[in-house]
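Two complexes come next, and they have one chain in common, chain A, joined by chain B in the first and chain C in the second.
And now, the complex of A and B:
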């Protein structure tokens, strides 16, 4: 079917406001008489709170309220899965980002000063910063009586039998790091008393409905008394969930206490100190392989550092356990994924959600297997990769079109992979060596069996034919509003300039679950399509009456009603809208989409985990300076089957941004701790790639339309980000013959094979466990 | 963070006015680019009672070449250096240094003089000035003072500046013979970073070399032993090896959050070898263009 708007690079609906400055980000909202809220945070990563004395701060002129956990009328903790995250710490602090007290004052300066006058007496407790330490029975417990709070497993076939059948075993340990989301806009809200009771919070909130539940519970209010309004968001990448819930609760508490509006804005330092990160994993991969390159058994164990609170760990690690084998055939699988509490920053949702970690291990293992059996990375993946009808490790039969081999072949051709790979393998004497590496991934779309998966979008036609669209799915910069508008415009046969999109408001749109898991387009978009189809039916009925023609022979195109047989324009869309209103018909379509059924048996670790999957390949070409350890990424191919690209430019934006972020994951980003104290709180020390670090990227969009999504669309937000790192690591191997088992592959890890970490006194160092080969000496026999 | 301390702000119209108010105040801070000072005030590390903004003093905003000496005024920014014709012509290595300082936005504000007044070990201007045997020029109520750059730096964040004085600029005498140079700066990625190792090498046509290190020492140093070894000699691979052996005697790197001691030492050697090669090639007219990174 030929589309007018779907598949085009339509201008984003929020573009003009963003480039001209009329878009309002959370910090841009100011009202008369607003107070400034400030959080006093913990002094120790783990300590009992003995006493909080606010008397000095109370006396400061301009201070309007000081609150501690005791002042919270309702629930003092929140959490989507495990309810244990403190709005304000009450018994003890569990990480440095914990809030201990709140101040509301007339100016930011007074709030700052008041916070410094609050005296808190602590009894420091032993600190657990290593997740493997947390497992030990003698370790101090951070919550309850066990630091381990998640164990997911998947089993398939007979693992013992598989290893017996194997000709050889590859067994490796991998490590990944904490990652900061690095959204350009730090957290901010404005909480205002509502005129008929309750509270209105406007802010940079990603998941408005879960934040609303927590605010209502903390304030003992009905959900209809808490209105959360999304301001234009300056990026999220999964990072504006719980940290924003905490900020919404705190600002709302101060607002209800004072009866005045309260503004709260995190500085970058506060944001990095408090916000959750991507989970670091320790991954133990053991594969039993055959000489022909097939895999007879996979035994996998992953330990995720959950940090101080449960947050999304149970779901993040569930995606890991489902996808831990990669898109590869293996009859005998045993996977165990654990999450444990530590006193580090809590870890939660971040673009990828449990996949970047396992993909790094899987794709490194796959290259090792290729090397062992004398095959190339392309051939080994073609041999083992899933095809349509394959059965995954969780026992799910993939009955959609499995396009792994298509994306693999297209990428390899575009990158001239095999020629380059063979050429770069030949040892050279130059200190600068080129290499090329590839990585594959498959990813379950949307929430899967994590929980209820449904969303609603409202399409409301006005009497002049203009249209207002709103949804429970939020736009954080990924372009959800544009995609949903394009879908509505396509169905109604109107141009994009007739559509106005509204930011999400919890009181005006239905709870559509969180905007996560790359589900915005597939869920909100399908709901938009349904909503538009409902309105279209009313308009068509009107048009049919007006023209005397059958509905089947009419169509809307380019803002006109046309005769579908000859394209003749019969009336403008505006006239039909006016007439529809005059006839007293509803011009309001509410589209609701519930995803296809999924299932999960936690006991056996089996199930139809996701209703469909996407497939992608990244190829990185690098130059490694073997004298300095510097890795320059020269060229990059990013290829993904997106089902259908609703907006070509948005899809390309996801490709490019995903690669840039993945490059940071592979080469430089690391949120590092020393005894649970963050070593970096701003971008001077936390490095993210700049435009000067991002290579030339060749994007390849593959479109195998999927029945589950609007016009066949699936997902791209997270897929684009989850496989760049292993492609780069494999390229480093191709260049140097040395493999990195712990990311990021910083200069020092590449050059020296290890990183020294600072310990204790200035200038002294301890050597970390060696998890990489040094590229300084070239191995023999390559 | 909001600024929680109050202070007065003054933008004098003449140097003498600036010196007068400086003499009268208890704890004044001088504001040029402000890239260091404003952050320190925000973080409450600096608590001046008066901020004296010298950006309005035209006499300090100059870059000029007179009597075989380059004068860089206290108001000259790194962007000014990059755009200066006289620098590209006579001192292209200054252009090479300036290009590696932070990012465009910072370079549009930050000054060389501010950089040497902050005097943090990883500064980029220090090795440059001591390699050129530069002089720091000061003005005070009692008159003017000139201090060799090598004596200017006392310790990290500590300089020879006295209360009531303003650095008016720095003077870099043009070497008596033809010369070329190379600046090598180690950052962790291509984007802006604070140096983990800094190295400036000047190769002169009389067969002498000037070599200075920064970031791997508390204050920038001239590598005197290496200079002595190389001066007047034919540069051979074995001589370079000998010079590299001396590097560990010249520098005192530490391990911090940015890089380890082990890596800094290794890189100082690699950078020295590549920088020396590049400087000699440039002197001989067959080197890479200034602004090309050697690492």
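And now, the complex of A and C:
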């Protein structure tokens, strides 16, 4: 089918405001007489709170309110899965980012000063910063009586039998790190008293409906008295969920207490200190393999550091357990994924959501297997990779088009993979060595069996033919608004400039669940299509009456009603809209989409986990300086089956942005702690890729339209980000013959095989557990 | 704190005012003048979201104190379009989808303008260097580099 707007690289609907400076981000909202809110945070990563004395702070001129947990009228804790996250710590603090008290004052300076005058007496408790420590029975408990709070498992076949059948075993341990989302916009809100009671919060909120639930529960208000309005979001990547819920609750509490508007903005330091991170994993992979390169058994155990609160850990680790074997055939599988509490920053949703960690391990293992049986990385994946009709580790039959081999072949050709791989393997004496590496993945689309999956979009035609679209799905910069607008424009046969998209407001659109899991286009987009089709039907009926022609022989195209048979323009879209209104017909379409059924049997670790999957490949070409350990990424190929690219440019943007973030994950980024105290709180020490670090990227868009999505579209936001690290690590192996088992592959890890960490006194370097082989110790060749 | 007198031109408009000498240009633009197009991402000179032009040079406005603009000219993203005609950079950023969340965009545009004003025909390396102080977490920079390159072609025409 030929589309007018779908598949084109239309400008974003919100681009103009963003290039002229008129787009309003959370910090840009100000009102008269607003107060400034400030959080006093914990002094220890783990301590009992004995006493909080606010008397000195209260006396400060300009202070309007000081609140502690005791002042919260309703629920003092929140949490989407486990309700144990403190809005303000009451009994004890569990990590350094915990809030202990709140101040509202006339100026930021006064608020800060007041916070510093609050005296808190603590009784420090032992700190647990290592997730494997947290497991031990004798370790101190952070919540309740067990630090382990998640255990998901998947079993298939007979693991014992599988290992007996195997010719050899590969058994490895991998480690991944904490990652900061690093949206360039820090968190901010403005809370205002509502006219008829309740509160209106405008801010950089990703998942407005879950934040609203928590604010209402904390303030003991009905949901209809809490309005959360999304400001233009300066990036999120999963990172503006719970941290924003806490901020919304705090600002709303101060606002209700003072009866005045309250503004709260995190500095970058506060943001890094308080916000949740991507989970670090310890991964134990044991594969029983055959000489022909097939895999007879996989035994996998992962431990995720959940940090101080449960947050999204149960869901993140569930995706890991479902996808832990990769898109590869194996009859005998046993996977266990655990999450434990520690006193580190809590960990939650971040682009990838449990896949970057397991993909690093799977794709490293795959290359080891290839090496062992004398095959190349391409061949081994072709041999073991899923095809249409394959049955996954969870027992799900993949009956959509499984395009793994297509994406593999296309990207290998584009990168000239085999030639280069063979060439770079040849021993060389040059200190600078090139290498090329490959990684592939499959990924379940949307929430899957983790939760109710439905979303709504409203398409409202105005009497002059212009259109307003709004949705419960939020735009964080990924382009959801543009995709939904394009879909509505396509259905209505109008141009994009006729559409205005509204930022999400919880009181004006139905709860559509969180905008996570790359579900924006498939869920919000399908709802937009349905909404537009509803309005279209009313307009068409009107058009048919006006022209006397049958609906079937009419169409809307380029803002006109046309005779579908000869393309003749019969009336403008605007005239039809006006007439539709005159006829008293509704010009409002509410589209609701509930995803196809999924299922999960937690007991057996089985089920139809996701209603469809996407497939992707990344290939990285690197140059390793074996004298310094520095790795430069020279070239990159990113190839994904997106179903259908609704907006070509936005899809490419996701490809590029995902690779850049994945490169940071593989090579440079690490949010590091010492005894649960973060070692970096701003971009001077937490380094993310700059324009100088990101190579040229060759994008390959593969489109196998999927019945489950609008116009065949699936998803791309997260798939684009989950593969770069293992591709780079495999490339380093190709270059040096040494494998990195712990990311990021920093200079020290590449050169020495471990990271240098300082403990206690300056200068006393402690060696971390050696997981990587250094490239220095390697004799010539391999 | 004693206020100091300042004469300056901001977005082609002359101003004379008294300010506290310890205020940063970033805060002054956003909070006193309501020019909120200039963004704050780190306040330590690392992210570039606050980039403005000071006498044609790209500077991090979070590191500039207001007295330093005395007698100088400041240009922010709000001053980029002339007589409601967009600057070619603004057009090409939209065409190339170089704007995702848009938070880095004002700073990127200003760094790019400083580059093109001095070097109308930059190669890719020069473009990448010019924006190396501007962090973008969304785009991977590819489309931004393309957009700047495209704008330079358009300006030459």
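FYI, the second predicted complex is superposed on the first by the 779 of 782 C-alpha atoms of A that agree within 3 Å, B and C clash if a C-alpha of one lies under 4 Å from a C-alpha of the other, contacts with A are read in each partner's own complex, and residues count from 1 in each chain.
Here is the rule we use: contacts are C-beta pairs under 8 Å (C-beta built on N, C-alpha and C of every residue); 3 or more make two chains touch, one makes a residue touch a chain.
Only a predicted model underlies this, so the values are computations on that prediction, with no experimental measurement involved.
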After superposition on the shared chain, which partner residues are touched by A:185: those of chain B (first), chain C (second), both, or neither? second
A:267 contacts which: chain B (first), chain C (second), both, neither? both
Under the stated touch criterion, which partner chain does A:20 make contact with: chain B (first), chain C (second), both, or neither? second
Tell me which partner A:690 touches in the superposition: chain B (first), chain C (second), both or neither. both
Chain A: partner with more touched residues, chain B or chain C: C
What is the contact status of A:112 with respect to chain B (first) and chain C (second): first, second, both, or neither? first
Considering only touches as defined above, state whether A:752 meets chain B (first), chain C (second), both or neither. first
Is A:668 contacted by the first partner chain B, the second partner chain C, both or neither? first
Check whether A:679 is in contact with chain B, with chain C, with both or with neither, and answer first, second, both or neither. first
In the superposed arrangement, does A:628 touch chain B (first), chain C (second), both or neither? first
Overlap of the chain B and chain C footprints on chain A, residue-wise? 267, 684, 689-690, 692
Chain A-facing residues of chain C, complex: 30, 35-44, 46-47, 49, 76-78, 80-81, 86, 90, 93-97, 99-106, 109, 127-129, 131-145
Quick check: in the complex, which residue numbers of chain A touch chain C? 9, 11-12, 14-25, 27-28, 181-186, 232-237, 267-268, 476-479, 647, 649-650, 652-653, 655-661, 682-684, 688-692, 694, 696-697
Within the complex, chain A is touched by chain B residues 1-4, 188-194, 254-263, 266-267, 270, 295
Touching residues on chain A, where the partner in the complex is chain B: 107-109, 112-113, 267, 269, 625, 627-630, 667-668, 672, 679-680, 684-685, 687, 689-690, 692-693, 746-748, 751-752, 755-756, 758, 762-765
